[in-house]
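You will see chain A twice below: alongside chain B first, and alongside chain C after that.
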Partner chain A sequence: MDLFVQTLVNGLLQSGLYALVASGLALAVGVVGIVNFAHGEYLMIGAFLAWAGSAFLGVDPLLSLPVIAVAVFAIGALTYRVSIRHVLLAPELNQMLLTFGLGILLQNLALMLLGGNTRTVTTPYQASSLQLGDLSVGGPKALAFGLAALLLGALYVVLYRTTLGRQMRAVAQNRRGAQLIGIDVDRVYLIAFGVSCALAAVAGVLVSVLLFASPTVGLVFALKAFAIIVMAGLGNLTGVLWASVLLGVSEALVQTYVPGGGGWSDAVFFLMIFGTLVLRSFRGAR
Partner chain B sequence: MSARQAEAGAPVRAAPRREITPGAALPLLGFLLLAALFPFLPLGSRAEFLLQIAFFTLVAGIMALSWDILARSGQVSLAHAAFYGLGAYGYALLLKAGLPWLLAMPVAALLAGGVSLILGAVTMRLSGMYFAIATLAFTEVVRTIIQNLPESVAGGATGLLVPALLGGNSRAQYALAWGLLAFTVLVSLAVRLTRLHFAFAAIRQGEETARVLGVSIVRFKLLAFFISSSLAALAGVLYAGKTFFINPLETFSLANSIAPLTTSIFGGLYTTLGPVLGATVLRVAEELLHNSVKDGYLVVYGLVLMLSILWLPRGLMGLRRNRKHGGDL
Partner chain C sequence: MKTLLMTGVLLALSGAGAVKVGVLLPLSGAGSVSGQAAKNGYQLALDEINRAGGVLGKPLELEFADDGSAPAKAVPEFVKLVTVEKVDFMAGGVSSATSIAVSGPAKQYGTFMAWIGAAAVPVEDAFADHPYFFHYHPWSYYNFEAILGYFKYLKTYKKAKTIAIAYEDGPFGSAGIDATVDAFRKAGFNVVMTEKFKTGSGNFGPLVSKAKAAKPDILYWVGYDTDALPLATEIKQQNLQLGLLYGTPPSWPVGFEKNSLSDNVAGLSLWLSTSPNKDSRTFVAAYKKKYGTVTDEYFAPLAYVNLKTLAAAINRAGTTDKAKVAAEMAKTNVSTPFGQLTFSPSLKTKYQGFKAGNWLHFQYLGDARVPVFPIKFAQKPMVYGK
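And now, the complex of A and B:
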């Protein structure tokens, strides 16, 4: 029973990270209408920036986090300006392939410049753990979950309580209608895409502390984020939370209870994406 | 209203139909001829190395062209690596089971084609990004399964040894690869010049409309999947027989799905010459870069894909200004 509860808690904590990545992606898909296949690469950039800050400047990743978020927001905005903006009205295939190409480009640039090695970030609190009764929870994991929850809360406040958020939701619902009532759609897209990338980068900073930084670290998280937003239904931000928890917990359960779980847990997760997509398609949702 | 009635009335002019003239096949024939003559060029001391690059260029051509055939029916797949890998593994396992190579090759291709029918049937209703992600996930599932099967079955994560194709004679191997590329080109032309072309194009441009017009979506989509995947599996067989060692990580690598996609788009989607030309240009570029950097030579593919989408949406084939040849092949 203890093992079971422990597994549930671990899965729940992991889901915070997933929700962070997925809500960023949901923002790009929902507001800008772009399926960003390069989303994981912004996570990778965040992870490497955190590693660089820690290795060269001796700055703790959690302190450099705001700076990294702003920096990657700028990178995302730049990406929007030079590439995404030009395919907004192009067929969906072109948009998809453009971001796909961007992802390959960024990932392989990182491989070229930094090599395929994984880089770890050492922090004083890395080995710490919290005791809650019988449960023990990794300190960084709990921290990451708390931070993710905080940021997601902030995202909701922005989306539902501010003018900018209202504009974003308006643009998401109807681009032309929003334009007609005087919303600067281009500016909203720029901000939404930048925030989407910044959220991925924040997740990347957390990943560098929890796991490591490597050129290919982003892909898995991006795929999981896709799985989550597909499960949640496009543009459904509340659904993203539930789907993240579902994915995190079911992954933890597979890792704990399926023999040889390490190798097979990947397959389970991909089967889940596959199954969700196929089931949704047969239920009539597009 | 028939065409004659239209002519009798107001000057209704039909959209100019670009007929396919025999002349359109000339560049394609020229390319195949050049490729056939390549081993007979005075290649000097690096002949073996150059021949190997040329061999893998032909393999890349088969992959790109077969991917394009599937794309013509509106299915932009990221599962090409899966069928490439299934071809390679199917061939290796069939050889292990004692089949002669000449038989193992088509059987491996048909097996991969059979698997593609299952994937095609399941992903039938998915479109755009959902289809792409589902096919990507499928590739990972296949890879994980092969990797986690007991080592005695498929070699596990370590990989499998494959007997060298045609006793390791690189000229004979090249000739075989050339033959398979020529076969793929013939298949592609057959798709282009028959009713299949109209069926695929109708499905791609609008499934609803195609259905109203009486095109059997299920049948044609599956047919496209079967043709494309069997050909990709043949490319996988060539790969397995040439490198005589296959492992899941490299054989099912995402790169093997990305390369044909990028190559086709760069060369010119929905054409026969385009993907083959694109494969030649990109393979050479990749080799040049591969010599100077160890990791990340795929960067070419990312860059080419982005630039093609932004500035060259019709690919290399779109560069041709003078189009008196009529329709592209």
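And now, the complex of A and C:
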């Protein structure tokens, strides 16, 4: 019984990290409709900035988190200005190919400038945990979960309770219509894409504390983030949290109870994407 | 214009006929720490070889290629080195998965391979019939022989009885896992857990929970550097009580020794910079002079020895003819930072360099890797947690 409860806790904690990565992507893909295949690379930038701040300036990654978020927002905004903006009216495939290329470019830039080595961050709270009898709740992952819930809540409030949020939804629903009623569409896209990148960087900071920083660290998380937003349904921010929990807990259950489950855990999210899409199309057909 | 032309002609002439060695390494991806260390070792050896007159009277040339720690990238890079760059010999090779992948083209082109890494037995199978395959790194059964020796010592003197095994699901971790479990059982250990994991996923929560339920004395993990910190973190968070956490990644994360989570983590290395061996001290001094720092990654001296012995064999052969160079390589008998290097048959290949007797077991103690076994090489007593 202890093992089962601990497995659920493990899954829940892992889902916090997934939700954090998926929140930015949910905004970009789900809300404003920019399919950003380079999302994992903005996470990687956040992880490297956290590592650099810790290694060279002695700044704790959590303290540097707001600065990193702002810096990566600026990088995201710049990316939007110089590249994405020009393909917004083109077919979606162009957008996908562009962001896919951007991802490769950023990854290889990191390789050239920083090398392929795995970099780790040292913090006093890295292995902190709350012990509840035989149960253990890891500190940084619990923090990631809390942060994800907070950020998704904040995003929800922004989208449904503020003028900027309404503008974002309006642009997502009908770009031309939004333009006709006087919304600065370009500005809305820029802010949405910048915030999405900043959220990826926030996840990157947590990833650097929990795991490591390396040029390829974002790939696994980005793939899972896509699975989560597909499961949640495009534009469904609250669903992101539940979909993350479902993915995290399913992976943990497979890892614990399926023989050789560690090797199967990556198949879980593919299976979930497959299942969700088949179920949706089945419902649609009815 | 004339001067430019002359310079170009002279440069072209100086390179003409020079011996070219292609070096395929994981400069990015999961094995990049080993790959980068090996690259440094090759460049140091290249400097020394060319200062001493080069190979066959010309400066030796190296062509590096990044296999990205991925078989899909390794094969085209390998083929490019052999067919486009037209290298005379191939060196490098760290990962078992990429080495298996390049075995096909290597046989197709009859490439001379002076290979430093790839310990998994399927690599040995893949190159069993290759006439020009010189393998420097011990095969995994030699590694395991050394590990079993250490664990038997822990069984006798520290009362270690139970082992949990965590292994990555690629060829490096998975090959021979059944034989490993059998060997532990034959040695009188109770193997209480055998679990796969995805390297680089960092998701060790469920695995550690299972280990905690199994209460092992030793947790033996076979993975890569990217797994070291997440695993150590999870063990601490879940308060898993172990006698020893023992890992065999080809390299360890940069700066891991500075993290308190590395305390008492044990591992296996062919070499440590603190080794008192004369050749090792010479290597460390030369490395420090060139790079301003010291490494504990054994792939640096392994690559160094690899290129030096290959260059010496070509010089002795007086030609780049593969058969003649292979004959000279087979006669290699030199002292190295790891001890004496000679080539003798392994279970399946003809030319195997280092074997079981070259391994050291270390623990992270006080921000450094300290040899703790074999006892005659121990610089500090080992810390056993139970």
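By definition in this document, the second predicted complex is superposed on the first by the 265 of 286 C-alpha atoms of A that agree within 3 Å, B and C clash if a C-alpha of one lies under 4 Å from a C-alpha of the other, contacts with A are read in each partner's own complex, and residues count from 1 in each chain.
The definition used in the following text is that contacts are C-beta pairs under 8 Å (C-beta built on N, C-alpha and C of every residue); 3 or more make two chains touch, one makes a residue touch a chain.
As the structure is a computational prediction, the values presented were derived from the model and not from experiment.
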Chain A as common anchor, with chain B and chain C clashing or fitting: clash
First (chain B), second (chain C), both or neither touched by A:Ala252: second
Which superposed partner A:Asp266 touches (first chain B, second chain C, both, neither): both
Which of chain B and chain C A:Gln126 touches, first, second, both or neither: second
Touching partner for A:Leu223 - first (chain B), second (chain C), both, neither: first
Contacts of A:Gly115 with chain B and chain C, given as first, second, both or neither: both
Contacts of A:Leu93 with chain B and chain C, given as first, second, both or neither: first
First (chain B), second (chain C), both or neither touched by A:Asp2: second
First, second, both or neither for A:Val67, with chain B first and chain C second: neither
Touching partner for A:Ser83 - first (chain B), second (chain C), both, neither: first
240-248, 276-284 or 312-320: stretch of chain B that collides with chain C: 240-248
Residues of chain A at both interfaces, chain B in one complex, chain C in the other: 111, 115-116, 215, 260, 263, 266
Chain A to chain C touching residues, read off their complex: 2-3, 6-7, 10-11, 13-14, 55, 111, 115-120, 122, 126-129, 131, 136, 138-139, 207, 210-212, 214-217, 220, 251-252, 255-256, 260-263, 265-266
Contact set on chain B toward chain A in their complex: 76, 122-130, 132-134, 136-138, 140-141, 144-145, 147-148, 254, 258, 261-262, 265, 293-299, 301-306, 309-310, 313
Chain B-facing residues of chain A, complex: 35, 83, 86-87, 90, 92-94, 96-98, 100-113, 115-116, 215, 219, 223, 226, 230, 260, 263-264, 266-267, 270-271, 273-274, 277-278, 280-282, 286
Residues of chain C touching chain A in the complex: 26-29, 32-33, 35-36, 166, 169, 195-198, 200-203, 205-207, 209-210, 212-213, 225-226, 229-230, 232-234, 236-239, 253-256, 258-261
